[in-house]
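We just call them A, B and C in the order they show up, numbering each chain from 1.
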Amino acid sequence: MSLKGRDVITIRDLSRDEIDETLAAARRLIPYAEGSKSSRILDGKILTLAFFEASTRTRLSFETAMQRLGGRCVTIAEAGASSMRKGESLHDTIKMLSQYGDAIVLRHPNEGAARLAAMVSDRPVINAGDGAGQHPTQTLLDLATIQEAFGTLSGLNVVLLGDLRYGRTVHSLARALAVYGNEIVLMSPPGLHLPDEVREQVDQLGAKVREEDQMHKAVREADVLYVTRIQKERFADEAEYAQVAGSYRVDNATLMGAKPRLIVMHPLPRTGEIAPEVDSTPHAAYFRQAFLAVPVRMALLSLVLTGKVP
Amino acid sequence: MSLKGRDVITIRDLSRDEIDETLAAARRLIPYAEGSKSSRILDGKILTLAFFEASTRTRLSFETAMQRLGGRCVTIAEAGASSMRKGESLHDTIKMLSQYGDAIVLRHPNEGAARLAAMVSDRPVINAGDGAGQHPTQTLLDLATIQEAFGTLSGLNVVLLGDLRYGRTVHSLARALAVYGNEIVLMSPPGLHLPDEVREQVDQLGAKVREEDQMHKAVREADVLYVTRIQKERFADEAEYAQVAGSYRVDNATLMGAKPRLIVMHPLPRTGEIAPEVDSTPHAAYFRQAFLAVPVRMALLSLVLTGKVP
Amino acid sequence: MSLKGRDVITIRDLSRDEIDETLAAARRLIPYAEGSKSSRILDGKILTLAFFEASTRTRLSFETAMQRLGGRCVTIAEAGASSMRKGESLHDTIKMLSQYGDAIVLRHPNEGAARLAAMVSDRPVINAGDGAGQHPTQTLLDLATIQEAFGTLSGLNVVLLGDLRYGRTVHSLARALAVYGNEIVLMSPPGLHLPDEVREQVDQLGAKVREEDQMHKAVREADVLYVTRIQKERFADEAEYAQVAGSYRVDNATLMGAKPRLIVMHPLPRTGEIAPEVDSTPHAAYFRQAFLAVPVRMALLSLVLTGKVP
């Protein structure tokens, strides 16, 4: 089992053993991510970041991860990069990029773009989000956050809150949590339920799944409260949005009666879904989750580019 | 006294001893800035450059400074970086960025943004300009230029010429020059005078300050002629602007009768304020001033990140 | 003979011996470009990439080349970089940039910009394309591709196909091929012929030059088929463009009867000029040509910055 030279397009490209290995590597890399230890294991390696859609935090955390291990980056961060504007196909763009660096991190607005890129590229491709599709390193860092808080990825009660229909990150997370054996509680506004096919997969993977519509009841039993953004554009009018967003907002009152060990997660950026007052409670895990993006991406880059970690 | 781990938001965050130490370090780093000596003192360090407003020369000189000492950079140089467009607060953006690199250089259109960032960030913040507010490394490089030319920062006659009202750099510089004991001569068009509160501070710091309206008289006594851009947007109409701009333009005729050792400075970019013919006179110090941005920023980064310089 | 510290504005700035030396260096650097060997010969060197016009592949391949040899980059990749928007002259921008890094790679929309920059800059300037002007590293990588395929740069039949009037790359390539002694066959739509002055230079340099209007005849005798993009904006209407573009399109049928060793080249990006089916034939050399951009630019950067290669 080795990730060396492998494409990582969806979290399902990784076996449970490979996920465990990556998360263990990420834990060992935390002091390197903080800058208290240093390594040059990726010295001489070049990572090409092709961001055909802006995603500042994903880009910065990959660039930080690569450079913390001594590697170098070349970056396209233009929505309409010039070659694309001249009518070049994604095939040709990826073929060209694969002539330059040792691996490609791709962010693209179109679902399926990363899989296509992997077929074309002579070098490994890591999917950093393709439209409504996959974003496997987000799932890995979500798992890393849960594992760090509880010392396990199994037997937990995880509430997924908010837009479960269009929220890409929760689909992959729900499947991964099912594989590890957890109870999943779904809480979403009308029209933003988890898609049937995702729910069926999660059921088949053996998770206990149920819906809940009482926030206080959900919170009381939760180990993890995973909050997602509810996007204004999904609603017919402002008033309807405001009402729904308001009833899915997490603040200190919402968290009354929660288990002491409950963690609140969010893929960020948040707008109003979590009140700032939550930041100073021991429940707030979302900035730690943002930090863990670095060691998780360090682990994956190191394993894909060299087959090992420092 | 150590700058290690310190925020640098305004020049007043540095004591006179700390300014002296930084300038001395910058002098020692000149051969490293020129590339004739090399150092890896910042090997393994990551600098996050968050430019929420374009400022090419400030960004490039910080990136050059960091990399000349072996450090690495991750950069946001998008006016409307994606997370901000999604409605993220500055608090959250900075909190997130402080999870990644070892320090943050912030450029922001809003006054006070850098101080807020410093309160939020777990890592040191260096202000690279926040609206009409501060830009302390600009002041340091202005001082470095004067010190290199005269071997001292005291006892000089410094003429500040042009827009002294909105020109951010001259406010900090005037205060710093006052601390070191200099004569400050103000020459500005009507409506663009030095703000009263700045003038009062400069007076209280013990500088001799006076206004002058005769260019030739000012030039004749000056050791330093610090020229700033007069912006068209400050004037009611084009004709008024053209007349004022014309009478504050420095060319070889203006410099007739100047002391041989007079230096002409400008924070750049210039538009028409200094005629190109001045470039080839020994008075022109503005490109040297641009160069000194590199060793000054090297010194500050090295002191903030490690507490020492090569 | 040394390229150390030299400006490279047009391919004519290099003697035939210097071109031969650069190409030989590029061949030696191929394993370094692939990442199978590594070098830090440019450790401590900073390259300033000033792209005042987008050109993603040129920028990325220069950044990759610099970093593959241990050097660092600072990059302006904004069409309207901020200083320029404030009305700064190209003179001042270049003068400022030359204070920072050890060399400048310039891409600019205006013909002649690179020569002007070289006059102003205290550091070497490499032209990465200036409007309808020159792009010498493109010519070098075109030559490297031909040389790798045939083991020689002389005695070949090279067909230049498509827009020979506005296509900048073919003018420099035609001259260089003439110097090395080749037969050049021109095939272009009406109105897009090679400019008279270029044709005269090529004649005077001693090349056999002729026009051809039968695709099959041209292909049958060719060693190299160099295809360029025909731009829609050159035509009065869509229908005329579609007809011309169609008759200059290269597909497997076009290549029936070609010599086995024929190579098809294209500076990329292509739109419809070469059918994807050609990619899997042994004739397709355009992605190899894209790859060779890296070792060629590595060679030139190494020679200009240090006078030697690893």
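Quick note on the criterion: a contact is a pair of C-beta atoms (placed from the backbone, for glycine too) under 8 Å apart; a residue touches a chain by one contact, two chains touch by 3 or more.
Because the structure is predicted, anything quoted here is derived from the model rather than measured.
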item: When subunit A is superposed on subunit B by its C-alpha atoms, the rotation angle in degrees, nearest 5; value: 120
item: Residue-number overlap at the subunit A/subunit C interface, same or different (half cut); value: different
item: Interchain centroid distance [CA atoms averaged], subunit A/subunit C, Å; value: 40
item: Residues within subunit A bordering two or more other chains; value: none
item: Contact footprint of subunit A on subunit C as seen in their complex; value: 35, 38, 54-57, 60-61, 63-64, 67-68, 77, 229, 268-271, 276, 287, 290-291, 293-294
item: Subunit B residues touching subunit A - in the complex, by the definition given at the top; value: 43-46, 48, 72, 74, 76, 78, 81-83, 85-88, 91-93, 95-97, 99-102
